[in-house]
């Protein structure tokens, strides 16, 4: 099979040429003065992107490492935790909290809906002893976005710590660590930043460190330990790594962070939102159905589309990949076969790429006998792209 | 400060242009059919390099992840384990065994000596209930190599499982998993393979899986879990990743493994041994002292040199880096200030690179007032390089 | 201005990632044994692509160098030459023939038509002393293809030498040097091969060498000299370059030639023809007018579209580049403002790229007030792409 | 045969990683607004490097193209020209002047000596009607440097135009176009700039343009025409290329020019001179003989070494390349077998690279039975390197 021409997926996603060159630069020693400086500088820049003045920790494994590390470090047996579940990842996160001994309270909604902040306030009122609130800002598996600003406000009012899985949110939505009071925020570089997977970008508040220090079960002397990073790196002179950092991934992440900072985070977010809007317009005009019940909480990173009745998700994606060289995503976890996902992360949100995603899906489904209005879909997608471009030029 | 001209370190080490290009190739989706195929193919090739017919697991974090994962999975509270300590890494590994509840037996030698297989046999005779023997084949921090073939034989005779930290051994020494009966073998791609850090290349025997399954403490549902890989990947159809693999690191490791297979593992080992021999000859001729007491157990990956009295390791390395653009390594852990290390991993073992390492160290020390015979060192280094080249040509 | 997202032009055109990596490989000495071997090997492979058993010459400057070199070497003052003119490049070539002293006979057609082989036979019958026939196989400036097989037959029957400018033809059309009896064939690497500009790939027959040797005006001791290559390189042991070859361009051209050979030249041609057919379908469905009067002689490398009345070519292209990040071409030479050109060279012919070209043009024109059926264009383009993909899969 | 580990040659020479990445960046259309801007910007920066306020022309072929173009454009049949010959290239340049019809006056010295400015003054006094003086500043084939400042002064006093072949001089010596009054200066990017071959970087004065315009033989409508560039590019709005520029080479040259400007041209020159001095010290200490009679005119770009009696240049270089992976150069033209050349261009002048060049030559010769003091050579080379580094640090 040929290499894909287009990777328009839920991440890892296609990178820019500049990112690829950063990944291909010479490997240097992790204790080379230049690498040490780059690593520290990257921490600073990640904080800037997260709008965070808290400590930044760059764990050296993909985001699930950071999430597990945070769950383990924060969960004291017997403590009460509120988990907000609107999708697959949140559900899995709850499994960890339970396994590590938390008494779990859940707010659950169907996976095509967002969490209602009012229900969070209610749950916290019903459970005033909740010490930790966990929420996934952008459920990549289903393309649904949760209103974290309002949820954060509820959590803060209740005096609980707030953990936000912003893995695919940073870059396509606001993630305001300081302003919202996020205690632990976890971001993945392979989503809207369009970098390599292999790192967890984390922000940790003083209150969160305090809770970890008070937790006898918080890992220490482990690849999973946040406290090791705090004691051995952050609170020393940042000259001794706990273990060999992933030099190449650091090079790549450093580059994508630079690129977003140069573009401006606001512009980056606007670009993703515009692409997602164009894709949604195209999907609807083709006569297909979006997965999220309401567009107001449709995610900016991927557009989830319901698989039409009688259609095989796997066969469709394979067909599109083989015939058109376009790689799209299916669902994930329990939603695997229920939806298609068109990714608009990083370069996938540029130019006419949303048209490619929409048209590949439409044409693929048409090939398989589904009644799809391909031309209308293309026209609607381009309409949004044109309108956004026009506004950008007019504003400039 | 300028980029280093030479990275001749204890790893991460300089990569070949081909490796850099592999790292800079387009990022594709982990579920792209081509990536799935590459991942499975890499497992097969890693097994070939390890001379192993056991299951191969590619954990997605640098080698310390694989070592911790193995230690956790194999250590049942109360079981007896024999740890062989000739260096920093073995000592740290013992800390894990103890922390996870093992009753620890140790054979210890000074860090400039190798473990004597006879002492291992004796320890096993004294402790017939030892269930696990752990050894570091090549102690990168001190450039000392242990005789794993003989140690393995003793462990097998005693019916114990054998865990080998071959992180920096593969590529510069024989690592014969099947023949020696290694149950868990852990290799790092950033050492003699000269690839990116960020992965643990592991081989796991049936007996080791059995022991893990019988261990209630073996991690499951965790980034640290080997059993998750066994159940969710190895024993299924290898189509569902446990979490997002480090696509870029996989690309890099795939390339370096190909390069070694194309060169021939035997040739690769010979290349490293020759470079190390040349460096040792140069170091001695300059009038400096090797760290290992006897050359027979000096490692093939790095040449460790005692820091002369009154000399600062850190100041010397900084001087050499700043003035000559050559990055060398110091010691590590408790040996940090006691030795210099000249790396001969990957491309650092090619051509006249050992001369550059030896001469940079010699000239740097001379600048700082140490009496060093620079010319003699260069001459001796080149003598070995020439002799090896001559033999290679004659043989061909 | 941001980097272009899409380069869908008349060449230089976007390259594959593999080509870019070949261009970025280490620069080596031109007399390094590996480079000498690569250069000779490339000559052999270029011959294979041209279906030529004649001498291959790789002149180290873009195709215009090879064309001028051939014109100078073949034109004796007073000789009669027949120049076939259906476009800008042929017209310019005639200027050279005249300048170097040829008595020029021309067959001319409007630039939106192809040369009729019958008119060539007639001209040769009228001028039996014509010694040289020159034709442009694929007029990139206007997207018109000439029937070289039939023209070659006429030239051969008349006993004339045949010079073919196949700069943009190789890769998207048959170019059969041996079978057709082309005496001098000139190809550009930056067109359908999607390589770097900077070289002229040439095939020269024995009869052509003979004519050059008999021409006192044929350049010698010059950057423009084909005879220097013949005497100093081809007819010696090919170990002494006339001057420093363009190492980097050679690396790039070597890679693109490999890529086409691996794909199969027939498949490469089919790919380009399919893309051009899809683009033409889209352009017509949008309500725009193709430049070539008849599709049967529309080129495979670019699709030329008439600029609608009242529309500025330059402003439209700038609009599309600025707003959509898509770089298309305008006309060239005297046709500069009369047409748009959508390039389908190299990767631009893959996947849904013709849709991007068609849609960018359509949407751009719509923005500027032209009445364009964007949806219909997209649908028609995709229809052809789908049909071709279906046939490919069915055939496989 | 394996890829070379070291390319320490007379050019093309090894490039920096940054240059390689520039070469591997996406190919874009030559009429893309960004490329047009880059091309014009490169002209400006080349002028800065040449210390020239004259017109800059970037001819799209390696330096021999620029030299031939200049010779053709400036030589009127019957005019008198003074050619200064201290090496192979100057001799070849004289052949052109003669061929194009000049009445040639020569000052000749043996190829291991430099031209004496007094002899130039004398020749000009003897031939007051000389209209053009031509000199090679740095004869790469023999590693000899000519005193162009003084020669220029003589030429200016005589009212003659001055053409300087500074192909390998720029970057390792002062080239002061404005100050010295150079009328045509030609530089090659593949020498001390360590870029790709494939371009001629030229500066042309008003007086030189005037002379060309008055020369009926000056090429027009040709790949060899400087006047085409003047009329079609420089004197218009620089928006229409004469033919397709070598996009990839432009990318590479743009990068190396940036790198030198960032380093500072003075620092770049000092770096090359230091490396050459270190190599000369090493060569002499080994007991070998430098080619230039006096070190004061030894070139900064390459160090030429006499081939010892009874030794084969070709066999020695092949031996060194095969056994040690080091590519050095031999002589060139009629000097081909008389000397070895150690290149210190670009990165080859960094760090311990001169040691590698010296030691590879010494060890290779020793292998072949020549009596060479390898250790002394290494020591002497390093002595100079250390002294230079010390002075640099002290100065900073």
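Odds and ends about this structure:
Read from first to last, the chains carry the letters A, B, C and D; within each, the first residue is number 1.
Just so we're on the same page, contacts are C-beta pairs under 8 Å (C-beta built on N, C-alpha and C of every residue); 3 or more make two chains touch, one makes a residue touch a chain.
The shown structure was predicted, so the numbers you read here are calculated from the model rather than taken from an experiment.
Two chain pairs, A-D and B-D, are weighed by contacting C-beta pairs, with B-D ahead. Farthest chain from chain B, judged by C-alpha centroids: C. Chain B and chain D have centres, each the mean of its CA atoms, that are 46 Å apart. Centres computed as Cα averages put chain A at a distance of 35 Å from chain B.
Centre-to-centre separation between chain A and chain D, using Cα means, comes to 53 Å. For chain C, the set of residues that touch two or more other chains comprises 3, 17, 20-21, 24-26.
Here chain D touches chain C in the complex through residues 1, 3-4, 7, 9, 11-15, 19-21, 23-34, 60-65, 68-69, 95-96, 99, 188, 190, 194, 196-198, 221-224, 243-249, 252, 318, 321, 327, 329, going by the rule given at the top.
Partner chain A is touched in their complex by these residues of chain D: 17, 21, 24-26. Of all residues in chain A, those touching chain C in their complex are 3, 5-6, 17, 20, 24, 322-326, 347, 350-353, 355-356, 359-360, 362-363, 366-367, 374-376, 378-379, 382, 385-386, 389-390, 392-393.
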